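Shown below is the structure under consideration.
Chain IDs A, B, C and D follow the sequence of writing; residue 1 opens each chain.
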Amino acid sequence: MIERVRLAVVGVGNNTSALVQGIALHRQTGSLVGVRRPVIDGLGVDDIDFVAAFATSEEKIGRDLTEAIFMPPNNFPSLDCDLPRAGVPVTKGLVDATEIDRVAAQLAGAEVLLYSAPSGRPETARAYAEAAYRAGVAFINTTADPIARDTEWLNRFAAAGLPLLGDDLASQFGTSVVHNTLLRLLAERGLTLVSSYQVNLGGTEDFRNLVENPDSKKQSKLNALSASGKVEMAPLGYLPHLKSQKVAHLNLEAQGWGGTAVSLDVKLTVHDPSGAAGVNIDLVRIAASALRNGHGGNPAEATPLLKSPPGTAS
Amino acid sequence: MIERVRLAVVGVGNNTSALVQGIALHRQTGSLVGVRRPVIDGLGVDDIDFVAAFATSEEKIGRDLTEAIFMPPNNFPSLDCDLPRAGVPVTKGLVDATEIDRVAAQLAGAEVLLYSAPSGRPETARAYAEAAYRAGVAFINTTADPIARDTEWLNRFAAAGLPLLGDDLASQFGTSVVHNTLLRLLAERGLTLVSSYQVNLGGTEDFRNLVENPDSKKQSKLNALSASGKVEMAPLGYLPHLKSQKVAHLNLEAQGWGGTAVSLDVKLTVHDPSGAAGVNIDLVRIAASALRNGHGGNPAEATPLLKSPPGTAS
Amino acid sequence: MIERVRLAVVGVGNNTSALVQGIALHRQTGSLVGVRRPVIDGLGVDDIDFVAAFATSEEKIGRDLTEAIFMPPNNFPSLDCDLPRAGVPVTKGLVDATEIDRVAAQLAGAEVLLYSAPSGRPETARAYAEAAYRAGVAFINTTADPIARDTEWLNRFAAAGLPLLGDDLASQFGTSVVHNTLLRLLAERGLTLVSSYQVNLGGTEDFRNLVENPDSKKQSKLNALSASGKVEMAPLGYLPHLKSQKVAHLNLEAQGWGGTAVSLDVKLTVHDPSGAAGVNIDLVRIAASALRNGHGGNPAEATPLLKSPPGTAS
Amino acid sequence: MIERVRLAVVGVGNNTSALVQGIALHRQTGSLVGVRRPVIDGLGVDDIDFVAAFATSEEKIGRDLTEAIFMPPNNFPSLDCDLPRAGVPVTKGLVDATEIDRVAAQLAGAEVLLYSAPSGRPETARAYAEAAYRAGVAFINTTADPIARDTEWLNRFAAAGLPLLGDDLASQFGTSVVHNTLLRLLAERGLTLVSSYQVNLGGTEDFRNLVENPDSKKQSKLNALSASGKVEMAPLGYLPHLKSQKVAHLNLEAQGWGGTAVSLDVKLTVHDPSGAAGVNIDLVRIAASALRNGHGGNPAEATPLLKSPPGTAS
């Protein structure tokens, strides 16, 4: 029988809620609904145990991980399954570099540290990476802050035989992948794109942060589109009632043979945290497998699951 | 300078209207809007001359091809370009096998015969194929009636060094290609399809015929979908006011990680005849090129442009 | 305290399921969600007791009403509430006129008979109306078969002081009301309708029956639209996976000032049986109140809730 | 024969373009497409002559009105009609109060002054109102700046027998009217609104201004909705490729009987300037008719065409 992965997590937000609950659901029902890779190097979806969790919210600290994931502002729904206590109390996360050794000590029993905090705090990201390094633990950076893209970090982890996966999670299924797929399809079939737009609406804290800091994300989303010259992005809309749902409206106007009009209107509804957890479940197993096989640095298998893997611009 | 293709056409419906007008538009404006392959073996989009046209409608016979394409029930729009007379009067099409030699004689100056009549008249299709064979002309069967899939026909054409392209045109851009693309995308990303439907609405004579004979087409459309077990087809709707437009409503309901809902709603609007002409313009040049190079039978290059190429079931 | 209405029902399909469950839900939660009229002449939503139920399906007969409503082909969902047994076993419905007295005897304790069977069996409808008449019970005909529109029936009930409500239920919220509202809005604002279409998709047995007998319903739906000359109906689509949901796609193309284009695309999703039960809950109380007050015939209050009230064509 | 209305206009933007072209189109074709009221007190749609036009753009000043309406940033389309020169050169608009008498002198031959400049310049609005007053001309304020709501202004105009119409045009057909109609329909039918959102996208200068100053308009739009507590507004999106089109996406989620889900998704596409011109054509004739009949102040007939008529808050 395979040894289960011992996972520590930083950030007890919606994405962690989706991961914790989805594993429990799978364990109970055996369902492989929404699972991209049932087994990775012998590791199944439920071969993962949470061994530590770090957060900064006073309300979450001290509670069992399975309780903390339902504290506001988290708004990912409660899935329809029993959720046995994890026996893992949420620990106070680090606030400055003086605490790195404390965190490293708490990572003693872990194999993988999944860094799933909000983007935009590069120093915090680096401090956790350092703690993982000192503890001999694989590190996954799901934020846009550059760690795995930073050659120095990558080399250090590689030299120590420690996997370093990142940066910035590519959602399992979201606006960019649908929009891009349709733009590419038009081009392949010889149609001429006239105009296109994308509207993104959501109700999570993440979304609220993006709305207040729209420029970087808007540019990043435009970069992700293959025909960006013709694609216009409406400003992100934070609509609290949507909770963890994201709604996108896409429009593509094109011309076919003889210049006649071709038009596509799409409404997409997804749960953003599920899109993250559906990728994290793979990254965690890829990281554990690489660690166990002594492969340090960035595993090639992880690259398609990331927006900014090593080699892309910071 | 390359020798222009001498094209004869059977059927003066919307698809022929789109082909005739689109070539004229390209000739005037040089625009490559909606053109998948600007040049095929040296042949540009406007390197095609119509040399004969056959139809059965009394109203069309005797008129110049450029007039006949606007006679009812044709309802493809008049494109925004001058349309100089073709100097090709529409000729009475054949009604039985006794006229094959008459038609073969009229094909004397042609290189390619594009068979673009309605589906469902296999004897007529075979009679025109025979006429093309006797006249030494390449034959393109855009209907669902089996000619190129029929080994006997294929072997006769191949032995004579005559190209035989068919059967059944795959539209340049239509409901099936969009639906399939999205179904495949869901599968690739590890989502689980729950249900899906497709509604097709149109206003052409072709559409009216399909509505009156829905079963074969409905099955054929289901066959074209990669996840057909979960996909339901609403009955086709003939809505005359749509004229040559086709409108499709697609819905895909899926589950992502944790079983959370993912939903896609799509409205697609296209001009069906443009979707046909945008493929015919390539088939005609592939056929002419094969004929000139002495390659008989089915050119591999044509296969992706056809729904039922040689080797598929009749 | 008000005396509770004693209700008998014919037909134990989706509409009855929605009525039974909705009353139970209201009783438990006090919720007035989706209730148009909380109180009618002193009668609240939960002041209704089922006292008899008639059906023809062998599987339903003999079971408690609260079990029978979940037997196939019923597919209305199970609402999120406890459903205490009604203590009312489903009784074999009448199959011919010889059984009228048997049914009348079984209606002894009832005040109102809600006739909620499928449309298209006028003799059965009349037999139940006769049974209600003999038992001195108010009768509600929710089908399109003419009873209340039939002057003879109406006069008999009126003379006996018995309420007779019908015919043909107008859904609380459905395609026709939305389409009509938008057509009227365009007209009021001075826009010129160019074209419009309506696609209806559903998954109930009712829907399947309509698909197999489309003409009458299609015409009836067109009659219900204020601008029917410009509105086209796509054929109804029976899509089993929709279960008790109905999905409608509406399109309205119009012209505003200067002839510029105005376009409206609507997707509507509802549960058909809820639309019926939300009206039946009002009709039942109107009928009981009229009976108790000695008002025979058709209560004016019921007219807006019906598609074909007395005075309309049969 | 009726005397034609002599109209002066301030602002030569898209709305004026739509008005000028729409009148010309009507004159040529007699078409009443998109016209709410063909005749008002004997005045037809084409019984209007432009006699003066004021603008601030250097590029427009000096050009004939019929040329100036096509200068950027105007992007309302060129309608399909001949547009004979108006013989009215665009005049430099006033920039401060010292020019009021100059403008009043230029209004000598006019009956009505249509103030159709951008909102947000209350002093300019007042200066033009003063010029109209001195010239004895009726004044229409289509902006949100308070003139007709200002009792002092209203009394002055009324005392002088001069009509004063305003403030803030209600579009002939736009997002608010559709959203409100659907919200009201849900309420009337007894459904319970759960949530709703509205996304507005446009490509005009007006839209760009609103995007840069979103708060006031967003609140004003929320005020216009009958169930504003449950309705969320996404930020306005300025998408240049839409030009003078506005695209709105509306969603309404509700609950029907038994708490079952009812959902409405709407896409609306309109030309904003047509929505303005379709109302201005009525306001101009109402103003002229009131002036000719000696009725000063605000004509009751104008009230439903305005967002902030006299009596509403400033």
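Everything that follows uses one rule, which is that a residue touches a chain if its C-beta (ideal position, glycine included) is under 8 Å from a C-beta of that chain, and two chains touch if they have at least 3 such contacts.
Quick caveat, the model's predicted, so the values are computed rather than measured.
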item: Interface composition of copies subunit A and subunit B: same or different, split at half; value: same
item: Angle, in degrees to the nearest 5, of the Cα rotation that carries subunit C onto subunit D; value: 180
item: Centre-to-centre distance between subunit B and subunit A (centres being mean Cα positions), rounded to whole Å; value: 45
item: Euclidean distance of C-alpha centroids - subunit A vs subunit C, Å; value: 48
item: Touching two or more other chains - residues of subunit B; value: 265, 267
item: Chain-chain contacts as defined at top; value: A-B, A-D, B-C, C-D
item: Residues of subunit C touching subunit D in the complex; value: 18, 21-22, 25, 31-37, 77, 79-80, 172-173, 177-178, 181-182, 185-186, 189-192, 255-271, 274-275, 277-278, 281
item: Of subunit C, residues touching subunit B in the complex; value: 194-195, 197, 199, 201, 211, 230, 232, 234-237, 239-242, 247, 249, 251, 265, 267
